[in-house]
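Just below is one structure, and these are the notes that go with it.
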Amino acid sequence: MAEPLLRVEKLVRRFGGIIATDHVSLDVAQGELHAIIGPNGAGKTTLIAQLTGHLTPNSGSIWLGGRDISGLPAYRRSALGLARSFQITSLLTDFTAADNVALAAQAHDGHSFRFFADARKERGLREAAHAALERVGLTHRADVLVSRLSHGEQRELELAVALATRPKLLLLDEPMAGLGATESGRMVRLLQELRREVSIVLVEHDMEAVFALADRISVMVYGRVIASGLPSEIRRNEEVKRAYLGEQHVVVRHG
Amino acid sequence: MSKGLNARQAVAALTVAGLVLLPLYSHLTGNIFVLTLFTRIVILAMAAASLNLIMGYGGMMSFGHAAYLGIGGYAVGILAQEGVGSGFIQWPVALAASALYAVVIGALSLRTRGVYFIMITLAFAQMAYYVASGLARYGGDDGLTIYKRSDFSGLVDLSNRVQFYYLCLACLLGAVFLIWRIINSRFGLVVQGLRSNEQRMQAIGFPAKRYRLVCFVISGTLCGLAGALLANNTDFVSPAMMYWTRSGDLMVMVILGGMGTLFGPVAGAVAFLVLEEVLSQVTEYWALIMGPLLLLIVLFGRGGIMGTLGRLDRG
Amino acid sequence: MLLLVEQILNGLQFGLLLFLLAAGLTLVFGIMDLVNLAHGSLYMMGAYFAATFAAWTGSFLLGALLALGATLVLGIVLEVTALRHLYGRDHLDHVLATFGLILFFNEAVRLIWGPAGLALPLPSWLSVPVEILPGVYYPAYRLAIIVVALAVALLLYLGVMRTRIGMLIRAGASNREMIGALGINIKLLYTLVFGLGAVLAGLAGLMQAPILTVQIGMGENILILAFVIIVIGGIGSIRGAFMAAIFVGMIDTLGRAFLPDLLRQVLNSAAASTAAPALSSMLIYLLMALVLVVRPEGLFPANRR
């Protein structure tokens, strides 16, 4: 088996007395869509934060494309091809949609110590931005301030921003959170297309979406991965049923 | 944005036109005082504009910006005292000293956030203030008189009131132009992005601290130039130039005019200093009115002059 | 040796005074999240009130008591009319608005009491030296400051740690939403806390008054020191404020006392006497910078968020 794109080994993160990440190991192969599910408070977002470098693990290591990135700051990981979307929409709200995406493209197009030329007139950046916006179907909203976009549009923009960094691996933290049925459907179709181009780690509560999309699923409970495998295996797994799927209706309501 | 001038642009254009024509008015009416007053205003407007770059666009609330006025000023004063009268040496030294101070202070201060940043910049400025008070050779607490203004080998004569005024105005407009280019450049967008959402900027691949530091240094250097001008204007430098209330004044100008707007600090400086002048003519106790006025501006005048005009434009 | 004991006591006395100022500031900061530059003005007003009332009544103690009451009233009026409307606003707004208040207070004092300073003479029973160790004399008044300030610090500590109000105050300093959830009248609590801070500032001002002259702007430098202290100690932490205040008081006093002699060994005496006070003032800011670089949240951060 070839070297996995992302390899997480025995990752541990504590907050005071609580172990939020308890010796988590995880492999994501090239081209795979790997879903991470688990009840609220299972430590999914904490795990994502460590993968992106916003949080430092207490021990364990993270490898991207065969390279140890455990000690790198967030911006260096981004340069190596790791992109994320945030669970709670986190955009530059006083910028337009196009500016948000163009900045992401700019981050990966040489340094930004250019002080004089108007960056909004750089064709390369604008074209990259429009390509990413088109990808998620937001072209017509390019010049609208983010604060005036609908929630669904902001979720899509999150994706466009991540895409504009031309990532190898996309970490999506609950991209369907707060979306209505129609918007969710659109998001699923969008991810269906994207997975052909880029490997994805998907944290999501929407079980229907997860089982429709994922190649493999890992289940987290109380900071630990209790099961990992094909969707069909996870569906049959007794421990998962007991710990999680059995109370799915409760979780979804919380979600 | 609609065609033609909106209210903000109109006010900016009128302010610039007024500043350009001011020496003519002074000449025609024989009112020399107004020229002296406005030379000071133009210089402090430049300091405020430089503060606005980090405060308004970069989200870095520095409460120690007056330190650069002092450093730029003392560079000129000390060199003059030591017999180096040429502006071609004095001014670059003033800029370099300010930049160097900004690099050191910025590298340390930018480790902190929020109120802590406000306080640490204040503390460093107070330190600079005490350093200046301790310079026995250069007057200590009493300050240092500059007997000869910076000499530019006949290019401009700084002792000529009108020439000096126009030099200051050129520096101000040059600074505003530079800031305008910067805020629309790649660099400027990054800095503004960091103000808006640092975590997001890191996630898409920008090393935050580096960009912030460079912005901090640009701002400090510009303010150092204002300091060199101020020293020439008053023919005198003293620790009081960097006292914390002076930093407070600069903040007031920026906020009064409209933080994060290009012309806001200029409008703010003109409004603040003219108001101060007018009030002090009306009553000896002008601060009795100015103080509560500031409070009211904070409570009701969100966005300052430019913010209010902006609301006017949108109707 | 004698000099050292005396200077250490002076440092302690100054540190305690700073603590009184910083305690109110850090409470207001920790609980209402308000940056109040005008805190130094309350300190100044305490001194002016005391000087005036002492002259009227002819009694130092009566004057001091009246001054404390007056500062309390002033603080409450200030909170209700102006500062209350700043809660929840940007820190920058606080800085600007309270900067305006400083201008106002300084000018008001100039209008009422004139530009020249006032003196607050000590009663004779406080102006004698006391023998604290065999052969070591120390001014009774400074000793009284130490005793009063320590007592107030102890009361404050007990009040905050043991009483119901104190519990609320601590809860508020670490979690602002919580006191709201407990159904407490937040407005009233805020006014009380601000009033308490004002009284502490006024007390510090009036106790300092007989040592220095009572003058306009006397609250400004010491306010910055108080800010330095709460930043070093960690915003919202009374304990941190206490430690940092003593520390800063010592450095400032001992620096001023001994640096000139130290410097004279390397500089000529005129240069040394100019440079020394500057250097000792610098030391404090250097210390603060150092603390912030190493521990950006201060030495004893209160559990915020």
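Each chain carries a letter (A, B and C) given by its place in the written order, and its residues are counted from 1.
Keep this in mind: contacts are C-beta pairs under 8 Å (C-beta built on N, C-alpha and C of every residue); 3 or more make two chains touch, one makes a residue touch a chain.
The shown structure was predicted, so the numbers you read here are calculated from the model rather than taken from an experiment.
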| item | value |
| --- | --- |
| Most extensive contact between chains (C-beta pair count) | B-C |
| Longest centre-to-centre distance from chain C, chain (CA-based) | A |
| Whole-Å separation of chain centres (CA-atom averages), chain B against chain C | 32 |
| Rounded Å distance between chain A and chain B, as computed from the means of their C-alpha atoms | 43 |
| Centroid distance [mean C-alpha coordinates] between chain C and chain A, Å | 50 |
| Of chain B, residues touching chain C in the complex | 55, 61, 63, 108-109, 111-116, 118-120, 122-124, 126-127, 130-131, 133-137, 140-141, 244-245, 248, 251-252, 255, 259, 285-288, 290-295, 297-299 |
| Interfacial residue positions of chain A with respect to chain B in the complex | 52-54, 73-75, 78-79, 83-84, 86, 90-95, 99, 103-104, 106-108, 112-120, 122, 161, 164-165 |
| Complex interface listing, chain C residues touching chain B | 29, 35, 82, 85-86, 89, 91-93, 95-97, 99-108, 110-111, 220, 224, 227-228, 231, 235, 270-271, 274-279, 281-282, 285-286, 288-289, 292-293, 296-298 |
| Residue numbers on chain B that touch chain A, as the complex places them | 181-182, 184-190, 192-193, 196-197, 199-208, 211, 214 |
